[in-house]
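Input: a single structure, listed below in structure tokens.
For clarity, chains are labelled A, B, C and D in written order, and residue numbers in each chain start from 1.
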């Protein structure tokens, strides 16, 4: 038993939390935050599983993947925010149009 | 190494709690601030997982870029917003 | 000595959790933002302690990046969010 | 459908969703806990090939050498994200602001140190934590600080020179790959003697591109030309 398993489980928790918020909230900024939390959960699982075996140095391949993942996530966030602002300018709403209001 | 286990436990619980509060706080600004704090704590988690490269990337992105991006987007949303601030009412309906 | 450093790091982590209270309570946005900045400062101290405790000097680079870039979020807040809110107040 | 009905339906939906997500989390946690203790990762192969990589930091070796394709394509993703943002419209006009003395002082002190830090991270990435992505992010932070401080972009910047820097990282990466392909037959197959220098060269171009791309993403639109 290694403490990295703890972090892997926390990653699963973060992924689930983010997925819940992604489904439940209609405000697009909240959806963007939720996707980012989901991504962090996935990164946590990847790195934690790479350092699972005690006594050996952690696997560098997941680390490299996660570094590229973090930079891609931030650029995707910027694109999503720009899309949200454009949608807001077009429709006056920051929600997706086909969803019923109420949640 | 009870101390390290305690450290890990507190760190993981803080992460989960921050994410939870960030995703369901009624005020959007609070949500963003909590998300920034979440990024900072994530960097500590990477350090504990012996991934200093990832911690560096997360520190640079989390402290420097994500916060600025989100705050600027929120400011532009608020500039566009009319006086009825419906994101707050939508948040409180969930309670 | 490593145990001492780990203990102090744990203590700092706990103060960080206490700072969360201000983020959640803070009556004005500035209170919340400053509490988040406190997170950054505490994280710097935590990183330095961990670097010392486990003998990994490279963690100091992470702390340095943290300390350098903390200002960006604060400036973004002051220049974007806070001015907008002030203008809102003035318009009311 | 009455309001009460809709509320009840929403509550039911919420509970079903919670149950499904709990099942998902439980399944994932079970999968994690039941993983075998010893798994053959790629760790050993990376260690075995480290001498040929030209750098001493395994993460940099994986990013720029062993899995160079990933990084190459990621530079493409960054560029595509920026193109997406630019195609959505022009950046909001910066209001002309009176330069504040405190902010000007802060920016004047911080930005050079940040650029220095980016250079340090780029250089140290060969043998210690650091590398192009970290250096690029720090560079981007300094760019964002400059944009936030209300400094006007020089008029020549948003034109050709900006676009040149944006594609520089991807361009250099592809050019190095193609040159190597014509020499050795394999795309991005560095000869071990030149690997260190080539990696630093590619990383320097990538750092510049990443920094400028991320700063441009912060603008939230295509910068106005001329003006």
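As a working rule, a residue touches a chain if its C-beta (ideal position, glycine included) is under 8 Å from a C-beta of that chain, and two chains touch if they have at least 3 such contacts.
Quantities reported herein were computed from a predicted structural model and do not represent experimental measurements.
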{"item": "More contacts between chains, A-B or B-D", "value": "A-B"}
{"item": "Centroid-based (C-alpha) most distant chain relative to chain A", "value": "C"}
{"item": "Whole-Å separation of chain centres (CA-atom averages), chain B against chain D", "value": "19"}
{"item": "Intercentroid distance (Cα basis), chain B paired with chain A, Å", "value": "11"}
{"item": "Whole-Å separation of chain centres (CA-atom averages), chain A against chain D", "value": "16"}
{"item": "Contacts with 2+ other chains: residues of chain D", "value": "59, 121, 129-131, 133-134, 137-138, 141, 144, 148, 214, 217-218, 220"}
{"item": "Touching two or more other chains - residue numbers and ranges from chain B", "value": "4, 48, 52-53, 55-57, 60-61, 63-65, 68-69, 72-74, 76"}
{"item": "Per-residue overlap in chain C, given as positions that touch at least 2 other chains", "value": "58, 61-62, 65, 69, 72, 75-76, 80"}
{"item": "Chains grouped in pairs wherever the two touch, ordered by label", "value": "A-B, A-D, B-C, B-D, C-D"}
{"item": "Residues of chain C that touch chain B when the two form their complex", "value": "3, 6-7, 9-10, 13-14, 16-17, 20, 23-24, 29, 32-33, 35-36, 39-40, 43, 46-47, 50, 56, 58-59, 61-62, 65-66, 69-70, 72-73, 75-77, 80-81, 84-85, 88"}
{"item": "Chain B residues within the chain D interface of the complex", "value": "52-53, 55-57, 60-61, 63-65, 68-69, 72-73, 76"}
{"item": "Footprint of chain B on chain A - complex, ascending", "value": "3-4, 6-7, 9-10, 13-14, 17-18, 20-21, 24-27, 29-30, 33-34, 36-37, 40, 43-44, 47-48, 51, 57-58, 63-64, 66-67, 70-71, 74, 77-78, 81, 84-85, 88-89, 94, 101-103"}
{"item": "Residue ranges of chain D touching chain A (in the complex, touch as defined)", "value": "6, 10, 14, 17-18, 21-22, 24-25, 28-29, 32-33, 35, 37-39, 41-43, 46, 58-59, 61-63, 67, 70-71, 74, 77-78, 81-82, 84-85, 88-89, 131, 133-134, 136-137, 210, 213-214, 217-218, 220-221"}
{"item": "Chain A to chain D touching residues, read off their complex", "value": "5, 8-9, 12-13, 15-16, 19-20, 23-24, 45, 49-50, 52-53, 56-61, 63-65, 67-68, 70-72, 74-76, 78-79, 81-83, 85-86, 102-103"}
